[in-house]
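I've put the structures underneath this note.
Each of the next two complexes has subunit A plus one more chain, namely subunit B in the first and subunit C in the second.
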Partner chain A sequence: MNFFQYFIRRALLVAPLLLGITVMAFLIANLIPADPTIANLPPNALNDEDTIAAFRKKWGLDKPLHEQYLTYLGNLLQGDLGTSIKTRKPVGEDISRRLPATIELATLGIIFGIALGVGLGLVSAIWKDSLADYAARIIAFIGISFPVFLLALIFLTVFYAQMRIAAGPGRLDIIMRPPPTVTGMFTIDALLAGDLKTFKNAFDHLVLPASTLALYISAIISRITRSSLLEVLNQDYMRTARAKGLRERYVIGFHGLRNSLIPVVTVIGLSYGNLLVGSILIESIFAYPGIGFYMFRASTSQDFPAIMGVSLLFAFIYVGVNFVVDILYFFLDPRIRVA
Partner chain B sequence: MSSISSISSSTREFESPSRTKQALYHLRRNPLVLLGLISVILWTIIAFIAPDIAPFEPLKQDLVNRLQAPNAQFAMGSDELGRDIFSRVLWGSRITIPAGLAVIIIGSTIGVIIGAIAGYAGGIVDELLMRLTELFMAFPFIILAMAVTAALGPDIQNAVIALSVVWWPRYARVLRGLVLEVKSQEYVEAAHSAGASGFYVLFRTILPNCIAPALILATLDIGTAIISFAALSFIGLGPEPSSPEWGRMVSIGIDFFDQWWMWLFPGFAIASLVMAFNFIGDGLRDILDPRLRGE
Partner chain C sequence: MNRLTYFLALLSLLALLVSAFAGYAQDEKVLVIGHAESTDSLDPANGFTGTGHMINHVVYDQLVTFPDEDASQILPRLADSWEISEDGMTYTFTLNPDAVFANGDDVTADDVVFSFNRLKYRDGNPSFLADPIDSLEAIDDDTVAITVVEPRPSFLSEITSAVFSVSNADVVRANGGTDAMDAAETDEAGAYLDSQSAGSGPYMLALWEPQARTELVRNENYWGEQPYFDRVIIINMPEAATQKAALEAGEIDIALDLSSDNVASLVGNESIEIYRGLSNWTHFIIMNTDEEKSGPFANPKVQLAVRYALDYEGYKTLWGGVTPGSNMWVGLFTAFGEDRAFSRDLDKARELLAEAGYAEGLDMNLEYPDFALGGVSFNTNAQKIQADLAEVGINVTLAPGELQVELAKYRSGEHSVGYWLWGPDILDPIDFTSFLPGGKVATERNNWQLEDVPEDIQGLIARARTASDPEERMEVYTALQEFNQQHGPFAPFVVPEQPSAYLANLQGFIFHPHWTLDVTLLSRADM
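Coming up: the complex of A and B.
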């Protein structure tokens, strides 16, 4: 199978999934609340007949369910996710303004997380039952068992409030001015503007939340890396590689790691879900104004349209990431190319 | 190498020590499982006797003594309304443990039934149910639970319902695979030819042979269920704010960042319980999966 065929085949599986997600989101939004009008409009608008009528007309609430869905889908395709009760702005606009901040944090978080997870897993597997193995497994255990919001609070207390070696909440120090907006990601915008001071400040503010996120997602990654590598290390071809005199570094790096990578890549895709959930919990503690913080605010104030908008976005991102992972298999697993 | 180990394991089976002995052997080799068991038992006891041992009422306000650091009177300090954190942490176990268990029980039951029907029926029914399962798995599950809770209206019951609704797909997948495997066994054929109805064969002949793996999965899952419930209530989609629920207490504690006792103790309560369940689940997996035992 060539790459193009493989790509098309996977893409054909994703399309109905995305459509299915919109159906589910639609059903949750329209069937579960006793009255979608009450759930989606601010309380003071409920006395206003015109507002209610306009809302019902826009979303086609007086029509049968399948037509309502088509209206919903039509609005969705135009980027219309409804209006936030709390900010009084379109949810789509709210989200797109906050998205760059979260992408910045999540990207750094996943880079740290993969490095930490694969690193710990490697150490654990190669020096199995050593002190390093136990230490790595304890770290993984903490990452799995401690609620991520507790980790965030502990990190903030220890590294910011007590030791003062990390930057505090927010995206920049209060006295700093954001760089001119190009991408909305402060680190990149600062670099584009050639402003190293702002870049350093923005980056400093990212380190602590990104590390918390990393510890949280690295737990699963390191466990899978460990068990997957342990299994590979026992294979006959590893003994062959050693027997033909390859250096240990090559044996593990080339034969071992590469063959154990497939489950690791799978779990990285799946842990993206944790990354998204983690961003909600972590941003809320670091007062980091991204999508996660927006979702937290929306949940505490029962801003239903905003919650549905973010849920839909996160589901799309999750499916997208796992699609990319599927595509990566093509390069990692030669068996796919033969099949 | 594999042939040697299979010989040695078969000789061990030949001696066949009693089940209790085997269990004790594994417990000795996995002290963490023991630690986990003890912690879970301890928390369960606390959940039962919290009303008797808590020094204060969990909702009783005492504004004079608000925001006290841990001291002789308030072992874990007091919160912004002068409520005793220690008493609230004890009472919290009465919310979190039943909530976590309920999610697992409801979720796994739904999953087992759907998976069993899919695997047994095959054909279009299987196809439809599995597509539905995939659709549920396309959402990061806590996100889906958040949307459902928000739609139902936030409270403990709805948080449990929402988590159960998103919990079943993994069980459905595992069960479907198991049922497909068991379905082709001769004793199933025998049951069919003896004239048993499809319903009888599925629920009386096939399912009992698939239940053990589902139970293991459930044990491994309790920790995740508890931590997810805490996360829901942390972001305000669980019990009302005054409730002594651990996630909620941490969430309120954010606004009192310097009064670390307000968030640290409830946070540790979640961590200790989840860790205990994870110790048990991990040990169980090590014991049951000889590949990871590294023998």
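Coming up: the complex of A and C.
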């Protein structure tokens, strides 16, 4: 199988997957036994039949479910995600305004997460059953078993409110103004504007939430790195490499780590899902106005168009990342090329 | 990995080099409020949320207003004076001739007519509040007459709301606004009013970034006394714990939405003041008067026994605040406060249950939302209710449910015995009629019909809806609250405190039941 065939085969699987996701998201959002009129209208407006009828008509809630879905799908195909009930702005516009903030955070989060996860995994595997191994495994254990919002709160309280060594909520200090918008990512926009003070401030504000995300996703990465590397370390070719007289660093770095990467790459792809879910809670606690923050607000007020929009975006990102992971296998594992 | 390390090192090095400071002018007096923003729109005729009220209260002016801390009387604002016609149908307001909008235009009677009509026809979330208005007439530049559909003693209290803000008709019209009857379809000023204001208040809206921040700047043309702060920044921090952390770090001046548990750990911090205002929520048990739904709890004797069995002091220990004497919020004119509230009397409760034929005890199914508001947990209170009632032989089964699900059941009167809370829709005693037969909670939600109560009480209820003379209101509402205490299907048990915290150098913090916080009252002491 050549690369082109492999690519097409993988790509064809993505389309039905996304369609399925629209159905699932739509059903989940609509079948919960809750009434968006109650969530979105003030209590005393709910005595007024006209206000309720106008609300239901305005948001298409008076139509049967399948009709609502087909209308939604039709609009979606034209690139229209609908209008948010809560912000009263087009969902696409809301998302594009908030997405750069989340990309900035998620990118740093995944970099920190991979560095921490692979690092801990290496330490655990190389010095198996040593004190360092136990320490690394405890960190991973905390990361995986602690509720992420609690971790975020502890970080915020300890490093920001008490020790004052980290920047707090938001994307910038409150008195700072955002740099001129180019990409919407404050760090990059500040650099483009040559404004290092703002760059530093924006970066500082990313450190705590990104570290929380990193700890959250690094747990699983480190566990997989450890077990995968341990398996590889016992292979014959490792003994051969050592017998050849190669330095230990080279044996592990080149022969060991590289061959243990496939499961790690898979897990990083899957971790992206955790990262997005984690962002919903973390952004709320850090008052960080990204997509997760938007989703949290949308979910608590049953803002269906917004929930659908973000769910689709998350699904799209998740499917996209795992598509890239599939493509990476092709390069990492020669056996796929043969199969 | 090496390249990454190099890149990060380079970034940090760059970051250490200091460049031009991109912030606000150094001598500006800035107030920063951490707040769980609820704004849906800042167009006074369209938005209807707590945050919107707080902002529009100072960005726009209303005809009349309340005192700084409560709702005990009506004070002039844009209107210098007003007259109510004999039949209680027409209110004539004389506007303050000094009043000008932020752009320098005079505030005229036409602006009032435009704003109220636009509210009425805009079909926004608060539009129903203008339903009682029949017609508006600008008699001259400074005189406006408002006719109501039927006598409405609470009308002045109602128009203190920021929803009844007076906006500059010319500016709103120029930006697509209209007060025509088809305003619901044709008014397009919403987007404009979400980014700028068209009012005459002490502040102007400078920026609203939904769910992130709102900025107000001082209106240099303000016709009244200038406020202390040049700029007010409201930062959206939905989590109380985040607000608390930011306050401890000194990054915000006020943490507006704390709860009792957050506040506890701030006690003793010298740089922070804790404010324990009264929330406007009354927590109460509601017992369905439909016997098919609630069985023994439809019996007034059993209902009274429940009121005697609750450990009122215990709820105050948990949440602060006061014990209400009735379902009328304790901050309102004529409301029964703690001096008229129930005290626990277990013998009396047991006696009443025996009289009703339940000496051997009975079962209650308590339905409530799995929910917390302002840190006050329904689950905790429900467990306490369970323990309190067990002492008189009422065996309570707790039946919590998802908020929206329980709310739907409650609103349609399907519950057996419920536990809910109530905040006044209108800061006027008339709000209490919701808890009387014919009212929203009593009848729609609890099946308590007018014909279930004696004729003299029916007469009092009718008078409560129309009486506007303060003495008469005092008499009528006192009698009705007494009636509900003895015969009603409700057991109100606590009005919890609403704690906030602020930096100790801030002065003038007052919590208001309607607009939460009036930022014009705040100033900063020199430290």
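One rule holds for everything that comes next: the second predicted complex is superposed on the first by the 293 of 339 C-alpha atoms of A that agree within 3 Å, B and C clash if a C-alpha of one lies under 4 Å from a C-alpha of the other, contacts with A are read in each partner's own complex, and residues count from 1 in each chain.
Heads up, the rule we're going with is that contacts are C-beta pairs under 8 Å (C-beta built on N, C-alpha and C of every residue); 3 or more make two chains touch, one makes a residue touch a chain.
All values reported here derive from a predicted model rather than from experimental measurement.
When the two structures are aligned on the shared chain, A:D195 is found in touch with subunit C, with no touch to subunit B. In the superposition on chain A, A:K86 makes contact with subunit C only, not with subunit B. When the shared chain is aligned, no partner comes close enough to touch A:V207: not subunit B, not subunit C. By the touch criterion stated above, A:M238 is placed in contact with neither subunit B nor subunit C.
In the superposed pair of complexes, A:I144 makes contact with subunit B only, with no contact to subunit C.
Judged by the touch definition given at the top, the superposed model places A:L246 against neither subunit B nor subunit C.
By the document's definition of touching, both partners, subunit B and subunit C, reach A:S284. By the touch criterion stated above, A:F296 is placed in contact with subunit B and with subunit C alike. By the document's definition of touching, both partners, subunit B and subunit C, reach A:L156. In the superposition on chain A, the residues of subunit A contacting both subunit B and subunit C are 32-33, 39, 153, 156-157, 161, 284-285, 296, 302. The part of subunit C that touches subunit A in the complex is made up of residues 1, 4, 11, 14-24, 30, 32, 40-41, 48-49, 123, 125-128, 131, 184, 190, 209-213, 233, 235-239, 241-242, 244-246, 248-249, 251-252, 402, 404-405, 407-408, 411, 425, 440. By the touch rule above, subunit A contacts subunit B in their complex via residues 17, 20-21, 24-25, 28-29, 32-33, 39, 128-129, 141, 144-150, 153-154, 156-157, 161, 227, 230-231, 234, 272-274, 276-277, 280-281, 284-285, 295-296, 299-302, 304, 307-308, 310-311, 314-315, 318-319.
Partner subunit A is touched in their complex by these residues of subunit B: 1, 131, 134-136, 138-144, 146-148, 150-154, 223, 227, 230-231, 234-237, 247, 250-251, 253-254, 257-258, 260, 263-264, 267-268, 270-271, 274-275, 278, 291-292, 294. Put simply, subunit A touches subunit C in their complex at residues 32-35, 38-48, 50-51, 54, 86-89, 111, 115, 153, 156-157, 160-162, 164, 168-170, 173-177, 179, 191, 194-200, 203, 284-287, 289, 293-294, 296-297, 302.
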